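Both complexes shown next keep chain A, but they swap its partner, so chain B is in the first and chain C is in the second.
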Partner chain A sequence: MKRTAYILSMLLIAFTACKKDNYDGPTATLYGNIYDAGTKTLLEQDIIRGSVVEIKEHGWENVQPQWLIFKVDGAYENSLLFENSYSVAPVRGNFIPVEPQDVRIAGRTQLDFSVTPYIRIVNPSITRNGNIVTATFSLQQQVTNNVRKIGLYAHSDFRVGEPLRLTAAEQEINAVTDPAHVYTLTIDLQAPNIRDILKPGKTYYFRIGALIDATESKPNYAKAVAFDL
Partner chain B sequence: MKTILLSAIVLIAMSCSKNGGSRGQEPPPPPPVKEIVYDETGCLYTAYDNLVMAGYQGWFAAEGDGSERGWYHLGLGSCGGFKPGCSAVDFYPDMTEYTQKYKTPFKYADGSDAYMYSPYDESTVDLHFKWMKDYGIDGVFMQRFVGEVKNTNPKGKRHFNKVLENALKAAKKYGRAICVMYDLSGCAPEDVAYLEQDWKELQTIFNLFDNKANPTYLRHNKKPLVVIWGVGFNDNRRYTTANVDALVDKLKGPEKRVSVMLGVPYYWRSMRNDTENNPGLHSLIRKCDIVMPWAVGRYSSGNYAQVAGVELAADIQWCKTNNVTYVPLAFPGFSWGNLKNDPAQYNSIPRLKGDFLWQQVAGAKISGARSLYVAMFDEIDEGTAIYKCAREGELPLHGDRRFIGLDPELASDYYLWLTGQAGRWFKGEGGFGTTKPVRP
Partner chain C sequence: MQTYHKILTCLMVLLLFSCKSVLDLKPTDKILAKDLFGDPEGVKLYMANLYYQLPMEDFAFFRAGFNQNHQDPNNGGFAPAMVTDEAVHSEFGDFVGDGDFHWWDQGYKLIRDVNLLIDAIPTLDIIETERKKLTGESAFIKAFAYFALAKRYGGVPLIKATQQYTGDVEALKVPRSTEKATWDYVMELCDQAIANLEPGDGKSRRATKYTAAALKSRAALHAASVAKFWNRAPMSGTAVTDKLVGMTAADAAGYYTACIQASELIMQSGVFALYGATPASPEEAAENYRMLFQNPNGGDKETILIKGFTLPGNFTGHNYDIWYQPAQSANGWPHPGRMNPTLDLVDTYERYDRPGLASPVVTTTEGDVTDYGGYNPSLHYLQFDSPNDIFKGRDARLWGTAILPGTGWKGTPIIIQAGYVQPNGQAVIRTKAETTINGTTYYTYGAANTSQYSGFDSYGGNNTRTGFSFKKFMNQNAPVMAGWNQSTTDFIEFRYAEVLLNYAEAVVESGTGNAAEAAKALNDIRRRAAHTTAIPLTAAAVQRERRVELAFENKRFWDLIRRREFHTEFNNRLLHSILPLQDLRALPAVKYIFVRVVVPNSNPKTFAERSYYRYIPGIAGNGLVQNPQY
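And now, the complex of A and B:
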């Protein structure tokens, strides 16, 4: 009898405990876009190792941050968040760092960011003439750091960039750039090391990028352009 | 029993009604204090905007200048004063144009005597302000060390007041901007509070806020500007950010008598390295009008872009968001081998013939700064002076020490000229970029 009572008590405790500890599942969504504050256009990103949105839930000690990734066009969304207040900031990006802001995330919460990119790629043009793909552009850097390198990147996926590329024409700069200078980068589709990678009959995406020399910086991009080879 | 109850109820009701009645009789709240409005008619500098200004130490004295302070800030106590083999200064001024000068214990290689100026003399400060006008430097911030102007230091106070008097006169004569800049270094909390008293005294003595008496006194946000340098540093100062916060409240007052520029450590925004981790610093900055981070010694030419690039741009962004004006600092180089009694400290941040200064001018401009603070006009202890200095080969002998000269291929006025070019760029003139301008 004693034993039965014990088992029953334990079961009761166990069930009660389970019921008590069950929080509601994550029901909240945070979504939005990251814009260039100067041009009011979406700020292009990398899908892999790109800028992220760092969120820290309030009410916990030593809380671990969570990171939400941007899509290539600068949009982001995460629908598996707990309803609560958070500190939110886009970080480790291709823009001048911004201060975190406190946001109450409940239901579908929209939060857009307006930032200044490290580099604006001005008058970008990608053209194909026969076997030669040519990119021309100027750079308008918004910080005084050196521009580390520029590149023209190619991949069959529209999210082409860093590190998602089959081939690239890159140029080291390592200097503060002159906004009046027009840069030209080319990819020769018939070059021996490229013709086996970028194959005729398929569509490839080409995108111009430029990387500032700053801690944890990510490249800035112009929009990708597609060519059917 | 019933009677007691009834009485109680009546009492309560009466007291309620009394309360209600008395509310109507309360004195009306005092009218809001009206913000002070100054007459800015004829004022030449109504904002620290599109200006390139420098810090002016003015702390030197010469034996025989009447200040009774000896070779103040030129000599070094630890090695016996101002004499060959012992000095606080690394650079030596180009003495060609001074009309009042004092024979020093130093001699040139040809046996002739070396002379020094004193800013205690009106003619000397006049010459400095004439240079500012000649080279297009908008003006200066007059350094005022609180520890030097306390009543317990009458000679110090007399010295700094005389230099300020000279400077106000010259600023008016040459149309140069001028502003008082308090330095809290070495202060105790009670000294911070004393600043308010000194500031009141200055207003009375010099009629600082009068648009006719001092038409070039710098203003910002429609108020005369005062600078408080040295808040937020994590180097164990005796006064706190809260002390300075209380001081700013008193200086401004409910009628907002003045605008305040704060001199803060370089990493003030992220509160790391040289900055205390105290959100109170940000609250204080938000209630001030201008913030100027101290960059001297924080970088050299080699790592400037890495250190300052993102810092500058993010600082400017923070200030825009918080409606505070941002003024970055630029300095030509750094050298304090004699002051530190360490030859390894000679030219510790090389000037590179002006490349380093121009790198910072361009960096500030590219990052979106609208004005510049150049450290300093006449600082030869730390070798950041931009005024006319002697060149290598033209220096007095210095025993087993040495003075540091400007590069011999540059003219002694080169850094005045280069700072003037920065002034032209910040006023919107074209033709300037990251490449240092070439002097015709």
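And now, the complex of A and C:
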């Protein structure tokens, strides 16, 4: 009994000895959306390996940047930032690069970006006819670079995209595209490599993407479409 | 009590003034620089240590770095080949991590050590030829070190001479040079080494003129490729605008020329030749190729620099034999069979009847080699008499590199079978099962228990999951010693075949130099593998040849890096296996069929473009510009 009391009192001392932390945690939030400056609509993104918002906190030498990711619809939010001023720019994206801007982040700070996407996917349509899923669309390039490839991506997760896919129908383009041309991509659900991956009775999401040939570019997308197979 | 305290205080005060140099004692277990370098034997000892520190990507090179061969170097046997398309691990699905393959602190430690030697060389009491040799060797070691840094980090701080600490830390901080300046410095150091070193025959384990030329050939090709292919994966950020990483296509020509000249120096020396250059049969070629790696010291004129693993034990032995032996010859070691060569690699080997053409392994009369959908009863599978007949007529080096299903190893047929097709046409695959037909029992894995087969059972992660086990570098003569650091197979750091391939690549990629000589280099290597029909020199042919000739020599990783092919080769990439099945429908005849599949229990791999460079460690302290996207 005496022994237990001794251990308990030692533990009490150990846990009251020092405060856990001297500093306050991060309190500030940065949030917003990325818009296509031409159409004023949200610019679709990837959830992994996509465009990122690069923020560099001021007041430090050789500071390590932080990167905030976008949701697939083009919204972003990070609520664990320290209150300070930062240089902020969306980088390595599916749009023409923009200059960083200085922003004071405190409380809930909203910052929207208005950018020109590399490619607009026009008149996208994804239809399913029996075992064949067909995507048709046209491309409006906003830069004169080549289009590297186009693709129809499928995944069981609604955040489907070029990096997050179970299967894809891709086509190498490597040329400047004609805005009048209608591209068609199809996925045969009964093809040998696909029938075991896209299983009947489940819901799958299909999304059209197009990748420009530019430094660190990411694909541009149309909205994903769901089918119950 | 008072008196005692007074006495103690007096004693303490006295001690403070008693002697001045009590802390200046010379350590008895360390040797002073002037004594070490004052003795030629000391220099030799010091040199041995420098060679030991060389970043050679040998049998002790793993993700955690170099010389992983002491105490308990347990990394699960995850070899660098397993982050390329050459192999998968029998269990792990890991890929290139940000923390893998670094060499920074150790790199600058080696550079400081060699700079100290360079300072001492003029003061040594040795004959001039010896002094020249030391100068050449130190340049070689420094070149080797900066090459290893440049290919990992791009442009790095160039510490060309020993730094002196004078109380100001800031003065010791050297900013990064551009990537081009770094590669140029590597070239310059190689040239110094070539100029100062005597020719040698590759038997010595120290650098010679030709070793330095081989290093230059390899480094120049890396630099040229980065320059030529930078635009396949361009990057942005401060490191790029400051040219700390990246070069322009215009820079490529100079490095290709440097590669051609360095390679020619070796090719025209008349000292080196391919081992077993004109075999009479593919069987002889396969055995020659295997022997070259089992005992490089018998490699005749092919070896340019060998690193020895002299004795079993810490720092001197390695662990290839325990990790990569097929399960059947594990000899008591609990975790063999980790290296599983992929079907993707096996597909790359040429067939003798289709010289120069891609020939993936065909398993059905339908012939669709892109079908990885698994066993399909409606397809017509080709039947074979043995589990390796399907690979007959394929490049000898396949047989020397991998243990194929049903081939012999250490006097035992290595059984690699994934299942069987029952007489009713239903397949039983990758499950432990047996069936008795007409009094004979058949097992899915080809034998009754785990000590009798080496494939596809997930038991202990000891079986191959690709259909192939590993042979290259493995010692067939001795049973496995079931303990750490017991293998003593030597490693060939530079060999003539690589120089020929560097030369062929530099000629074909640059469009300069002697194309006829380059085509001969390519075809000489193919002839050594028993190919008798010469093929034309093309960029694709050279790359295929590199993949098969240099497989598992830790070259593929850097080939994918320098040619900027990693992110396109590995974009949601699944690697592949072949499932050998016994077809019981054919009974009483013993027949096998094969199914091409995705590696069981594997996930797609994607290479992040930032991984073309490693991150610079410790930028908060050293103030260096970080590489892109870190």
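Following the convention adopted for this analysis, the second predicted complex is superposed on the first by the 206 of 229 C-alpha atoms of A that agree within 3 Å, B and C clash if a C-alpha of one lies under 4 Å from a C-alpha of the other, contacts with A are read in each partner's own complex, and residues count from 1 in each chain.
Everything that follows uses one rule, which is that contacts are C-beta pairs under 8 Å (C-beta built on N, C-alpha and C of every residue); 3 or more make two chains touch, one makes a residue touch a chain.
Everything quoted here is computed from the prediction, not taken from an experiment.
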Note to self: Quick check on the superposition: with chain A as the shared anchor, is it clash or fit for chain B versus chain C?
What the structure shows: fit
Checklist line | Touching partner for A:I47 - first (chain B), second (chain C), both, neither | finding: neither
Next item on the list: Using the superposition on chain A described above, determine whether A:L229 touches chain B (first), chain C (second), both, or neither.
Entry: neither
Notebook entry, point to check: If you stack the two complexes on chain A, which partner ends up touching A:V91: first (chain B), second (chain C), both, or neither?
Noted result: second
Margin query: Looking at A:L111, would you say it contacts chain B, chain C, both, or neither? Reply first, second, both or neither.
Written below: neither
Margin query: Output check: A:N62 vs chain B and chain C. Expected answer is one of first, second, both, neither. What do you get?
Written below: second
Next item on the list: State whether A:A75 touches chain B only (first), chain C only (second), both chains, or neither.
Entry: neither
Check: Which partner does A:V103 contact after superposing on A: first (chain B), second (chain C), both, neither?
Finding: neither
Margin query: Just checking: does A:D196 make contact with chain B only, chain C only, both, or neither of them? Give me first, second, both or neither.
Written below: second
Next item on the list: Using the touch definition from the top, say if A:T215 reaches chain B (first), chain C (second), both or neither.
Entry: both
Notebook entry, point to check: Between chain B and chain C, what is the shortest CA distance in the superposition, whole Å?
Noted result: 6
Notebook entry, point to check: Shared contact residues on chain A for chain B and chain C?
Noted result: 97, 215
Item checked: Sites on chain A touched by chain C in the complex -> 49, 61-62, 64, 91-92, 97, 163, 165, 168, 192-196, 215-216
Next item on the list: Would you tell me which residues of chain B are touching chain A in their complex?
Entry: 304-306, 308-310, 312-314, 317-318, 321, 362-364, 366-368, 433-434
Next item on the list: Write out the stretch or stretches of chain A touching chain B in their complex.
Entry: 96-99, 116, 141-146, 176, 178, 212-215
Next item on the list: Within their complex, state which residues of chain C touch chain A.
Entry: 234-236, 368, 370-374, 376, 572, 606, 608-609, 619-620, 623-626, 629
